[in-house]
Each structure stands twice: as C-alpha cells, then as structure tokens.
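Multiple structures are listed underneath, in structure tokens.
Two complexes follow with subunit A in common, the first pairing it with subunit B and the second with subunit C.
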Partner chain A sequence: MKIPIIIDNKMVKVDRGTPVLLAARKADIFIPTLCYHELLEPYGACRLCIVEVVQNRQRRLVTSCNYPAEPGMEVFTDTDPVRKIRKVLVELLLARCSEVPVVQKLARRMGIETSELKKKETKECVLCGLCVRFCEEVVSVSAIGLSNRGIEREVTTPFKTASDTCIGCGSCSYICPTGCIEMVPDKTPGMREMHMGKLTLEPCTNHYQCENCSTDQQFLNNLKKEVTRFRDTFSRFRNQES
Partner chain B sequence: MDKAAIDSIIEKYESKHENIIAILQDVQTLENYLPEETLRYIARKMELCLTRIFDITTFYKAFSLVPRGRHVIKVCCGTACHLGGSVSNIDQIKRTLRIKEGEPTEDRMFSFETVNCLGACALAPVVAVDDEYHEAVDAGKIEKILSTYEQEEDK
Partner chain C sequence: MKICNSLSDLESFRDRLISERRSDRIVLRTCISTGCKAQKSSKLVQTLKSEIDRQGLQDKIEIRKTGCHGFCEMGPIMVIEPENIFYCRVKPDDASDIISSIVSDGAVIERLLWKDPATKENIRYERELPLYRKQKKNVTYRSGRIDPTDIEGYIAEKGYTALGKALSEMAPSDVIQHLIASGLRGRGGGGFLTGIKWKICSEASGDIKYIIANGDEGDPGAFMDRSLMEGDPHSIIEGMTIGAYAIGAEQGFIYVREEYPIAIEHLSRALKQAEEYGLLGNNILGTGLNFTVQITKGAGAFVCGEETALIISIEGRSGTPRSRPPYPALSGLWEKPTIINNVETFANVPLIISTGAEDYASIGTETSKGTKVFSLVGKVMNTGLIEIEMGTALREIIFGIGGGMRKNKEFKAVQTGGPSGGCIPMSKLDMPVDYDSLKEAGAIMGSGGMIVMDETSCMVDVARYFIDFLMFESCGKCTPCREGLKQMHQILTNICEGLGEERDIETLMALAQLMTVSSLCGLGSTASNPVMSTIRHFRNEYESHIYVRKCVAGVCKKLFEYVIDEELCNGCGLCRIKCPEKVVSGEKKKLHVIDSGKCIKCGICINSCKFDAVKVI
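On to the complex of A and B.
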C-alpha cells in the first residue's frame, strides 16, 4: 500500500516502511550518506543522513537511512539543527581522513574547506561497517568483523590472524570509502596480499592468483559443463518448437 | 579444553545462537578465561561464525581472552572512587603485584582490571576481589587485603 509523506514540502508516495532516505531520493532531494549501500541492510553508523521528522506533533532528529516512512509524517532535510550536526560530522571525518575523495566531496558540498580539528591521518577507517556487512551479507563469508568498543573499535579478522575463511574476493577493499583496506602487489612478482589497517592478511595460500588456482579450475570446469548442458537442452527445446 | 563440559553447556542452552552470551559466560566460569582454541570449537559446534564470537568477546569487558588470576581484583574507577583516590590504589596494586592491567601474576594468583562503576559509591573507593567488596581502600591497605587471599591459599 502506498502512503503519502511530505519531504521538504514535496509530496512523495512510497510503500509504508520504506526508509525515509529512499523516499527523499525518489523526490530528488539530496541527503548525504556514507554508510548506506543499496545492497546492504541500513546500519545507521555515520549519522550523516540525519533529518528532522514531525510525527504525532513531535519533532525529532532521526537517521533517514533506517527510519521507516509512516502515514502523516513530515520530513525536513535541511533545517538549522540538521545542517549544524552534519557540519560537525563532516569536520570530524575530514580530520580523520583528509585525503579521501568521498569525504572531500562531502565537505565541499557542505561548504567546508578545511577542518579546524587536528589532523590524525590522511586516510583511516571511519568504522562505517560497509566492508564487514558486504562480506557478511553479499559474499556470505563473514571473514572480518568490528571488534572491541569505543576508541579501540576496529575492523579485523578473528584473533587478528590470517583468516581461514576469507576467499580474497577483494569486495571489502572495493567498497571501503576511505581506501584503508588495500589489495597490493606482494614482494614476489604476480602475487597479491591484503592490508587491513595495521593488519596484513595472507589468507590465500595461492596469493589470490585465482586464474591459476586449482580450486578455481575445478569450479570453472564445472561451470563450463553446466553451461554446455544448458545450451544443449535449450537448443533441443527450440528445435521442438519450430 | 574439556570438550564434554563445553558440549553440555551448549546443550543446556539448546545450542541456540541467541544464547551465545550466556554460553560464553558459563564457559568462562569453567575455564577461567576464553582460550582461542575453545572459541574455535564453540563456533564449529554451534555453526556460528567465529567473527561474530570474536566481536562479542572483545566488546564486553566481562569476557577475557587472556588467562586471568585465580582471584580477580576489580578496582572501581567511577566518579566517587576516582575522587577518593582509586588511581593511587591502582598504582599500588601494579607495584605490589608487578603486573599490568588485564595481566595475571606469574603464579596466576591475581589479575586486576578496572571497572567503571561497581554501584557501591557509598563505600568509595572500592576494590573488589572476586565477589568480596573492600570499602574505603587506600594505598596503604592494598597489601594487607591481598595478603589475606594469599594466606587463605596457603592453608
């Protein structure tokens, strides 16, 4: 059932329970995000997508990526409190990773040139959890997690040792907005290894050379067989038709 | 690792994933801390991802991945205790036992950790050894308190 909600004086019709963020996108209203990804469950970590919601005559600040649309709700995405909070957040991000393009772009869009806060590093994990969630929800491997708490929270493998489940797909490195998970050439030519913050991962005994890997050869052969079988049945089916 | 005992703990909680915290607590009581080998075993046994278990055990301060002493000293660092001088109590413990926070003594007799509030502010500064609370502790009393536990063990 579609319900109407009002975002910045525009009316949008969405399914009940749709995240407010998606409703806003439907209405072409920009809300900055960092930890949101279409393929993953909303997480609510970066707080950049904060908006003001008026519901049952109450005004509240909520994160739009995981706040469900309900009938009769009104959303304001660009009020003073919202702008103020986002500014602080972006400044903190800028202090944490001043040379990360995504963060620089966010800052520019919000009219922030440099952060007045002391710079820590040029690129550092912002604990958005994208890598961890991607590894769990899409790759279905869960080789990495967010361990510890507070200022010690970090992305790492169990016991901070080489993971025996990581398949070296590189998804975590690809999705990381700050570039702090890297897949880099190894000292040996043609080999690769993974750097995860302060941790070096060497889980694959074949150094991620998937092309030359016997496991993968087996998989490819099976796949080829499947495809041939499918084609055969398909062509037979077509011949019958004609 | 006592596999049978661990199995029966898992059994007791019907191997349900949502009971993992309770299971880990019981295993820690059994083994004094949570050794890597044991956690790997639990993960396999319960078909629960090791990453999740590691994240949980590092998130909660009540879990320890390193051996603890037979007596665990908890120094309260809440506001009342802090003002009452818990910092000097910590220094005294470190000096007396020659250990760092979270580390056991060589004979595995003691280990100590700091906690944020034991909820006994009227007794500040509080030092708890196992389940016993010692009130109004100052640096001078530390050695005396610890020696009572040593004597008990000697008996």
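On to the complex of A and C.
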C-alpha cells in the first residue's frame, strides 16, 4: 500500500516503511550519502543523510537511509540544523581523508575548501563499510571485515593475512567510493592482486576457471547475476551523482 | 523432583528455614567478593575454619561467606553477629585472636576496629560507621548478609516472595501496572521508565520474547553491578522471572563480562539452584510458567554495554551498535521483542512487588523513585559502594557518607556517570542526586560511578582523560563519534601542552553539539559530556591554559612550575634528598631552591614536604 509523505513541501507516494532517503530520491531531492547502497541493508554509519522529521508533532533528527516512511510524516532535508550537521561531518571527513576526491567534492558542495580542524590525516578509507557489507551480503563470502574499535577501526582480512575465502571477484574494489582497494594485474596470467593498505588479498585459487570450480555452480551463477545487477545499478548511481 | 512444586511448598520451606535458624550461634559474616578476595579473604576464611575445627566450635560459630559489604577499601571485612561488630583489614593471622576473643570473654579486638580519621575514635558496630549510617540499603541489603552461593539464605531473607506474590495474586498486566506506578527508571544509564518499556514489550506481537539483564558494567572503576551479581544473584534472577511472567518470555540471558569470574560463578550457581528448587525451568512453582536463564560472557568492550551492541553480541556477532528504531522492546534479540534492563533495575523489581508500588514510590524524588547504588571513589575519606535514597544531596554523600576530603584538600568537582558523564562543581553541591538534576548540571546518572576530585585535579586534563578512553572504546562505526572524539582529543592535548588557541573552546563546543545530535548510539551522543560540563563549570581553567599558559592544579607539566615558599621552608632538606633529578639545592636550615629549567615535574618534592612549602605557580 502506498502512503503519501511530504518532503520539503513536495508530496511523494511510497510504500510504507520505505527508507526516507529513497522517497526523497524519488522526488528528486538530493541528500548526501556515503554508506548507503541500494543493494545493501542500510547501515547508518556516515550520518550524512540526516534530515529532520516531524511525526506526531515531534521534530527529530534522523538518518534518512534507515528511517522508515510512515503516514502523516513530514520531512525537511535542508533546514539550518541539517545543514550545520552536514557541514561539520564533511569537515571531519575531510580532516581524515584530505586527499580523497569523493570527500573533497562533498566538501566543495558544502562550501568547504580545507578543513580547519587540528588533526589532519591522509587516510583513504572513510569506513563506510560498503566493501565489507557487499562481500558479506551480496557475494556471501565475508573475506574482509571491520576490525578494531574506535579510531583504530579498519577494513582488513581476518588476522591480516591473505584471505582464503576471497574469490577475487573485485566487488570491494569496485564499490569502494574512495578507491582505496586497488586491484592490479598480477604477473601470473589470469591472476590479479588486491591491495588494501599493506594487504594483498589472494584472488581465486582456481585461476577464474569457473566452469571446473569446486564451488557450487548454482551459487556462482547467482553471484554473477548479482554482480552484473550491482554493476548496472552502480554505474547508474554514479551517473546520477555526477 | 523439584524442591518446591507449588507456592505453598515455597512458603512452608521458608517457614522451616526461619524456624531452624539458630539464634544462639555466632556468625562471622566474611566478605569473599572481588575486593576482599584480592586482600586474601579466602585464606582468612580457611584459617578461621581450621581454627574453629581445631577447637571443636562448629556448633557455636558459623563462618558465612558473603558478598560485598561496600567498604572494600578497608577489606577484608568481617561482621560478627549477633551484635554486628565490624572488623576491617582482617588478616589470616588474626583468625586465632578472633576465635579466642569470642570463646573467652567476648571482648572486642580494638586493633581490628575501624578508626574514624575525623574523630580518631574506634567504631565498634556496623551501624555506626559513617559510610553506612546515612545509606538506605534496599537493593544491597542482602549483599554482605547472606551467603550468595546458597539459595536458602536468600529464601530465608524473604527471597522469592515477590515472585510468589506476582504468580499467585497478580495478572501480568497488574505487574506492569505496578511497575509503572512505582516510577522505577532504568539503572543502567538512560533512566527510561521500566514499566513503560515492559508494557511496550508485552503488547508487541509475537509468541517468542526475550529478557536480558545487562551486567556488562563497562565504566572503568565502577563495581556496583559486579557487587550485586556477586553478593545477591537471586535478586536479579527473581526480577527477571517476574519480568518473564509480565511479558510472556521463556528465555532470559544475563550478560556478564569475562573479567568478572566470581560474578559468573555465583550467578551460575544461583541459576542451577533456582532450577533445583523449582524457581526456574519448566512449570515454575507449579504455576505453568516456564522460564530459563543462561549466562552470556562478554569480551569486555565498553560499547558492548549499549543495548543494541549487546544484543548483537549475544547473537554471536561483533558488538557494534545499530540504529534505533526499531527499539529492542519491539525488535531485539533475533528480531523478537526483548526487554533489556540493567541488573540493578531487575533487583528493584522484587522490592516493588513485595512492598507495593506506593510504598516504593514514597522514597526518592518526584521523578526519580527509590534508591540508587553508587561507587564512591576518589579523594574522599571513605570510599566504597553506597546505596542512597534518590534526591540525597551531593554534599551529604561526599561530606557525610564519604567523610569529606582527604588531606584537608579543597573539593573541586565530582564526576558522575562514568566516562560519558560530567563534572559537577562546588556551587552545585546542594543539588539532589536524581536523573533530572544530574542531567541539568551537564552530567548523567549513568550506572552510578562517582569520582570525587580535589584542587590537585586539572579539569582540562580530566576531560582529556575521558575523551581518550572513549576515543578507543567507541566502536568507530559512525563519523561524528569516531572523528569527533579524535579531533576533541587533539584539541585537548594541545591545550594541555600549552598549544591552545583562542578558537579551541568554540571548536570543542561545535564538535560536542554535532556528536550529541548526530551520533548513532548513546556512546557518541553522550561522549561530549566530560568536555561540555568542564567548559561550562570550569571555563576559567580552559582560559588560563589557553591564554595565560598556566595549569593552576599543577597537572599539565608544561604549564606550571614548582617553587619553594621562602616563609614556609625551614630547610629540612627532604626535597633535596628525594628529588630524583637532584635539581633542588640549599643548605641545611636555609631556604631551598628548585632549578625550574631542569625540573621534570615528577611531584615528589611537593608530596614529601611536611611544611607545604612547595607551591605550584
């Protein structure tokens, strides 16, 4: 059943429970995001997609990527508090990843050239978790994960050694918005290497000869379908962005 | 066959336990909880036991191994019934003296009494201790009194009467109504109304529901929950079982950190015994209620105490918070409606059911009912575990129960609420301790940590300390918390090192504002409290660090110097002898001087001078 909700004075009809972010996209309203992807469960980590929601006469700040649309709800995506939050968030991200183009672009959009903050780093990973979640939710191998807590959190393979579950599909490299998982051809023909910081993920041990692979063929077919679907969506999504 | 198959079984069993109680016996209530155990109380118990055996006094003297008495600093603690004589710092070597004094003339051993540092008098009875006098022990009443590994002690002390009453006289909805009427608020931090949480969960659709007791207690230095789990595990289990009845759950979990082995042991025993006695398991007390509880051990990350992270961790994944809604009461463990409460919250439930909501609500303040357990530590005379009525003034806690400041130093602040709590200044000492007043003052109740600080604490350094802790303990998932803490930490470090800039305070406030409104979980949204509360109440300290480059407390090494006061120095030379860098010079009976340029600010001179002649400037 479709329900109407109002976003920035525009009415949109969506299924009840649809993330507010998608409702906004449907109405062509821009909300910045870093950790959301249509193929994945919402994660709510980057916090860039925060909007103001008025429900039962209560006004609240919520992340639109995982906040469900409910009847009678009104959403504001461009209020003072929202702009202020986005701005400081982007400044924080810029301080962390001062040389990452996606972050620089976001910053420019908010009118920030350089970060005024004290601690300046040149990390590449924004910790959006897209790679890890894609590897888990779509590829279903969980070859990489997020380890450590707090400021030491990072994307790695278990025990930081070459992963034995990685099938070398390259999804992580492909989905990463900052380009920090690099994939390079290996000296051995048909092999490739993935660089994640100092890590090398070991690619497919079967030299990508899927036909005679011990992995379940049904699974591989599904995987190929998912990856194709994802690539399509992703390139569409990239086009929209630029 | 269970020991109690019906409510009347339980009642007659209790009556029998009470009637069999030996009033002629002398009971040595000896604490074997973590604090006292660390001071060899197990050895003490052993020695006492062999002494009793040797003299054939088994019939006359009983050793009862109890949970925490609260005065851990003075452990091992022993209280001798029936008169309740209070002995502290009891060593295994004291065992034979204790036994002899009991059998001979019953005289009190003066050297084992606690000497009140204020009056220099020995205090003889437990009830006369300043630390205990002004407390209201409702939840901690049994801890230190009963043997927590023996369910019979709990039953004899009215244990499981509340469960009996709930099951026989009340419908599940009555239980919830009672809880709502009692005004009980969660003791784990947020202070959400427990009755309302239970109501939401009881009305949630679904046949399978869960109950979780949060015993994670991640605040460094806090030990309220540990003591409760160690000293009175059945009170938690009884509260959970009443909850199970109220919402219709059949499975419960107690989440305890691995570092609490005694708590885990006592809880496990309690669970096993409760099953044997028919108080857990299938068909509890013949009423048809089924409920089992298991223990989940946590790896001990601070963030795992956050409810959504804790639930994910019970599910076997790594404990990272997730966004709410949905709240656990509607979709929690394995996406089933789940009640998660702090262990102390659960321990309050039997009290409410037994005494009635009205009685329970008659103590405390308008919006905060009942009592709260705190761990009082820091620069006060008496430290330990205390339980007070909600609304007790801070002054009463620090200067009454705590006995005032150590070493005649001046009170500066009290930090409440754990790492993400806040610092409360002198001017607010008459403030009542309740959820709302603490929040208003920029602090939080948290789970009940209370650290008293004196003039030698630098408030900027204090803020930096907590931010440092949080920066490593945040899960690191969301941007504002992870990056905000990192930036805050850098700014605070700069300020402490004399690199503060004019706009730093403003930037700290902007970051704090962002973290509060946009973080994913409670850790991030409260993490700025240490900074905000110190800026609010001690802004002058920030300013003197930034503009004058001075740390008046003498903590930030680059921002102060030690000098020797001409008038006070009598030339004893102690500082000169003790200084590890040999930078104090002076002749005997003449003024001594510190070479500031070479001084490493270790503080040995200031602490050793008997005439308070070393000053911070």
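Everything that follows uses one rule, which is that the second predicted complex is superposed on the first by the 186 of 242 C-alpha atoms of A that agree within 3 Å, B and C clash if a C-alpha of one lies under 4 Å from a C-alpha of the other, contacts with A are read in each partner's own complex, and residues count from 1 in each chain.
To be clear about the criterion, contacts are C-beta pairs under 8 Å (C-beta built on N, C-alpha and C of every residue); 3 or more make two chains touch, one makes a residue touch a chain.
Since the model is a prediction, treat every value here as computed from it, not as a measurement.
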Subunit A as common anchor, with subunit B and subunit C clashing or fitting: clash
Touching partner for A:85 - first (subunit B), second (subunit C), both, neither: second
More subunit A residues in contact - subunit B or subunit C: C
First (subunit B), second (subunit C), both or neither touched by A:95: second
First (subunit B), second (subunit C), both or neither touched by A:66: second
Contacts of A:158 with subunit B and subunit C, given as first, second, both or neither: first
Which superposed partner A:148 touches (first subunit B, second subunit C, both, neither): both
Set of subunit A residues, in rising order, touched by both subunit B and subunit C: 146, 148-149
Residues of subunit C touching subunit A in the complex: 301, 303, 318, 320, 322-323, 325, 470-480, 482-487, 489-491, 494, 507, 510-511, 514, 517-520
In the complex with subunit C, residue positions of subunit A that touch it: 42, 44-48, 50, 61, 63, 66, 68, 81, 84-85, 88-89, 92-93, 95-96, 116-119, 127, 129, 146, 148-153
Touch list for subunit B against partner subunit A, complex: 36, 39, 49-55, 58-59
Interfacial residue positions of subunit A with respect to subunit B in the complex: 142-149, 157-159, 165
